[in-house]
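Chain nomenclature is as follows: A, B, C and D, assigned in order of appearance, with residue numbering initiated at 1 for each chain independently.
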Amino acid sequence: MSATGIAVAMLQVVLTIAAAPLLVGMMRLVRARLEGRVGAPIRQPWRDLRKLLRKERMVSANTGWVFSIAPLVLLASAALVAGIVPFLSTRSALDQVGDLFAVVYLLLLGTVFLSLAGLDAGTAFGGMGASREMTIAAIAEPTVLVAIFALSVSTGSSNLGAIVAATLAHPSTAASPESLLAFAALAVVTIAETGRIPVDNPATHLELTMIHEAMILEYSGPDLAMVELAAHLRLVVFLGLLANLFVPWGIATTVQPLHLAAAAAAVAIKLVALAATIAAIEVFIAKVRLFRVPELLAASFVLAFLAVTASFFLA
Amino acid sequence: MNDTAFVQLLDIAAGLVLVTSFAALWLRRLVAVARVIAVQGVALAAVAFVIGLYEHENELVAVSLMVGALRGVVLPGLILRAVRAGDERREVESLINVPAALLAASGLTLIAYAATRDVVALSSTPQVRALPLGVAVMLIGMLLIVTRRKAVLQIMGVLMLDNGIALVMFLGTSGVPLAVELGIASDVLLAMFILQVLTSRIRNKFGGTDLDQLRELRD
Amino acid sequence: MLKLLRKIVRTGRVTETIPHGAGPQPFLGAPDPLRGSLQVRQVDAGSCNGCEAEFAAAFGPVYDAERFGVRLVASPRHADALVVTGPVTRNMAEPLMKAWEATPGPKLVIALGDCARDCGVFAGGYGVAGSVADVVPVDLEILGCPPAPADIVAALRRIVGS
Amino acid sequence: MVGFSLALAAVAAALAMAAGAALPMRARVLWVGVLTALSAAAGGAAAVAVLAGSGTFTANYPNLFPLGGVRLEFDALSAIFVLATAVVAVPASIYGIGYSAHGPASRPVQIAFPLLVWSVMMVPAAGNVTGLIAFWELMALSSLVVVLAEHHHNTEARTAAQWYAAMTHLSLLAIVLALIVLARQAGGDSFADIRLGVHQVGPISAGVVFLLTLVGFGAKAGVVPFHVWLPRAHPEAPSHASALMSGAMVKLGVYGLVRVGWDLLGGGPVWWGAVVVVVGLVSAMFGILHALIASDLKRLLAYSTTENIGLIFIGVGAAGMFASSGNRTLAAVALAAAMLHVVNHAAFKGLLFLGAGSILSATGTRDLDRLGGLARRMPVTAATFAVGSLAIAALPPLNGFVSEWLLLQSLVHSLPSSAAVVAVAMPVAVAVVALTGGLAAATFVKAFGTAFLAMPRTAEADQAHESPRTMQIGLVALSGVCIALALAPTVFAAPLQRVALAVGGLADGRPIHTNGVYLQLSGIQAGLSPLLLAVGLMVMIVAALAVVRRGRVRRTIRDIPAWGCGRTVQTARMEYTATSFAEPLQRVFDDVLHPEIDIDVDHRTESRHYVQAIRYRMHIRDGFEHRLYLPLLAAVRRWGDRARAVQNGSIHRYLAYSLVTLIVVLVVSR
């Protein structure tokens, strides 16, 4: 583990945290423009977070230590993942610390803590959100791991740096059926895990339809700021994984500042394009009923599964 | 067209044929299923087109254009008309639920791969390596026929089955003679007409084509 | 889908622009952290739903309150301001109190509509506990029966200061 | 050193049994606990010595039994299982001191527990067929006594013991048959002789021996369809004994399978591994689904044991498949994953059972729907149970994640060049492992969340209090083990190589490389450093705290009512229960679980339009028990009734039976 590697990892974490609320602001803006509105400025999520940090923190009598540490664990796991995922360079020091499996399970760690916090609130809606979140997390898991399986068959490793490097070395694999199928599968999971339409509606006010929002009804002030920031970060991490695993061009394979700056620009363009696409699609579709979500995830599982069979047999 | 590009295009087109058959199991609206089958027909034509271009067989290219017109436009168009003509509910009614059907189809795909392993081992051309896809599409077409209740969907299943057979032929023999394809196409067309006439008769007589109700006809 | 896309393209932007130089008169009681970001929890304390309709319109495409950093939230824990409508009925007095207690400070209460201010035509009704100010401390009142969306947006702008 | 430790373990166990028989109650509980812990620690020391490389220890006691002697052969494979036993037995024994004071302090249990610990450690140490069977039976009987501990006031314990006795003897029967056939054909009783003579065993006999082994040891391991005794016996046994049974005893099923199938028989065709993988897949899925819907905490843990044994079987079976198709390096990785999971599961499942025991003794119930709010009342139990829950849900940076990671790596890197059956099995295996991982996370969020968080749902839960000091020591020790195993799995690199070498028919080479911090696998380009992951998480948490503290948080307001959407009363009845938490997932898997739902609606007498009461009952049965065992039992009963006709009390008929038997014997033996 070299000092430059650690520096790259820290840089990634800081930049991702800085960019995540902006990306969410951009998605809200795209949505607003398609709805014929002006919309809030892109920096609005940062303003909201700054304000939340200056508000009171309220802790109800029912809750215990789980409620208090859950936002920290959620945010820390998302931030750590932001250091592992190759956003800027394949030379991040954290690349050897954890591979794609570690990334998936770290994100699950955050989900688990948030669900526990939802239960700890002791309200009906907190438990409801927790139960739904774990349901979706559990049935999304096979899709994610099987998609990783497909990726690591064609590249020979589950390490993120290695996958990216392999795609860079053989550009044609990016358009092979297995990586297209795996991309589609992971895209569906990304939408499910980050609570976007059609699985969950991030802007809903009706408790009965909530998933993510129901768990955090009890959080306020700085705790809420951490939960929100973590949700933004997770969105960026998932989108960044999609972008850089399948279309890695532009990423730096060195640690020279110039290359890193170019890589930052490249990944920013990819993220904006992906996020804008998702936001635009959301305008066109409605949220599905909760009990139809398993069908959606089953379909994504089938895509991942086909990706594995394709990589086994067509290769 | 160089080799890599050929392999990629072939795999993507053949993969699309398989993915559309999964989509046909997944979708609920009859109209959407019919459209997906149209896409499948176009993808199938693309397979033949790519092979024809790569191997410089003008006959195959011609066949591919015909296949595209027939299976991508004409037959699905007929089905769409049949769907729109029926005043019954335009939703798929299935004997098994969607996730189960999808998992079953994944299982069938694995079986197709396992069953064709020996054939694939004989030759290593990209066409032959994609052969299991065709077999899988055939099996999924049969699954569709077996598990769905409406006669219209059975017709779509037959068409998918036939698409699978055509895919196997294109991949396995590197080009079907024009005459054979013409013969098969006319057979399918004929079958479609007969089925359509039958379903409309049934509908006129009994007001629906739910197969479970067709059991009443046996005496 | 294509139909919707065509509609989007053809409609374009419908939000009314704010006349130039019509900056809001700052509301002096607004706490500093709330500049530029205001999360609102709406509480219907017994309204006829006229105010709700106008309030919803304020967040619609034409008035678009969201462009000033105002957003509706689902829980008072997330909120900076409670927008209360209607005369407070007996059954809603306690929930309103609870919602106010559940809101983390610094917080504001905005009474929306004439009923919220003085119970309007419902004053003295057997089911009415009183105006909003009788139950929770009110910081800002928006008058009208119901108030126009433009007035609502103007009042919200006084808090966020933009 | 190894010999001395094993002798010490035996002496301590004997003393503990003597203490259990002779001393008065208070002293009895204390001394049994201390001496059993000493015995287990001595066994653990021997295991550590062998794993560290002191070589295989052998000893011979030829005249112990009339017909055959006992031979001890303590190699690395034995050692890893003995280590797993020691990991759970030492804390469980100490925990038992406090736990037994309010419960199972009777003489039979206090004698049986040390015997159980010792026999569980001696089964892997046995070096011949006679010894293995003798220790096995000793283990079965002592555990049966423990399951029966509370039979006086609990009829459930009696049925549980009947199921357990039946399954354990089915298991013994199959094992004895398998080993006798093997010993006979290979021409020797000791394992060394069998290894030498195994080439004389034909492929068909080898297959039969393997299948019998799978049935026999699988029944002990609690894999589907032999799992039925687990969810009955584990809840009824005293909790520290459940911890030992679930954490260590069932693992001996895995030990037996590996020892006989891949060490003594030296491995076989691909289908051996494939069968084990399939059994593992079914067990993992079935176990976790039933754990998910269980609301009895100990039943949940028992089903989760079936799931984890399933995962270990997947590892072992995959290793077998890889070895048979020629990829012995990958086989070593898969075996390493399975063996590491054996140790890890011993630690966290032991911990969870001890935690369940603490809850049981504090509240008197195991029903999650009647618990809640214990985190504030039992902070030590809550914190340790949280560690166990995170570990068993395979979440980083805890130890369950490390073994699950290894398992996934070995499955994912089965290259397309291998046999068709491998290529078909591996995607399915990865999907099932992933789904079990996700469902396990949901299950343990449910278990921890409904037992410990929010408000208590009943008065018993409200009046709960932290358990005695000795029980806390057991809990803290085991969670310490979990954390240590999580942060430093690298110390297992060399021992796991020794285990791989000990199983000659399966693997060779060094599965794991390490430079102290990183885990690296041979033949696979993938790395992991659980230690640095943990450090990274801590750094991020500290950084987040620092940033948030620096913001001008005005103040923290505590002890206010929760926001219940303005409802005037907010009671614990409104919380999600364990059953409601699992409901969406149960609905997803309706086709597998087949819940039976009854809804009774009572109308008011005045009008049918007004409802008086609605009763909703949902019951989910164990499909295998319902469809396989109950019909089987009914059939046995019918045959039994029929057989009674044979026995009608007439002395003439009995004499006629003797005559017929004599004639048959004469004819057959000629």
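Simple rule for what comes next: contacts are C-beta pairs under 8 Å (C-beta built on N, C-alpha and C of every residue); 3 or more make two chains touch, one makes a residue touch a chain.
Please read all numbers here as calculations on a predicted model, not as lab measurements.
Between A-B and C-D, more contacting C-beta pairs join the chains of A-B. Of all chains present, the one whose mean CA position sits nearest the global mean of protein CA atoms is A. The mean-CA centres of subunit A and subunit B are about 37 angstrom from one another, to the nearest whole unit. With each centre defined as the average position of its C-alpha atoms, the distance from subunit C to subunit D rounds to 58 Å. The distance from the centre of subunit B to the centre of subunit D, with each centre set as the mean of the Cα atoms, comes to 48 Å.
A separation of 56 Å divides the Cα centre of subunit B from that of subunit C.
Counting partner chains per residue, subunit A has residues 50, 54-58, 207, 217-218, 221, 294, 301, 305, 309, 312-313 touching two or more of them.
Subunit B has residues 99, 110, 113 in contact with two or more other chains. Among the residues of subunit D, those in touch with two or more other chains are 423, 427, 554, 557, 560-561, 563-564, 588.
Across the interface of their complex, subunit C is touched by residues 554, 557, 560-561, 563-564, 566-568 of subunit D. Subunit A meets subunit B in the complex at residues 172, 175-177, 180-181, 294-295, 298-299, 301-303, 305-306, 309-310, 312-314.
Touching subunit C in their complex are the following residues of subunit A: 32-41, 44, 47-48, 50-51, 54-58, 204-207, 210, 213, 217-221, 224, 283-284. Residues 75-77, 94-96, 98-99, 101-102, 104-106 of subunit C touch subunit D in their complex. Every residue of subunit B that touches subunit D in the complex is listed here, in rising order: 97, 99-100, 110, 113-114, 117.
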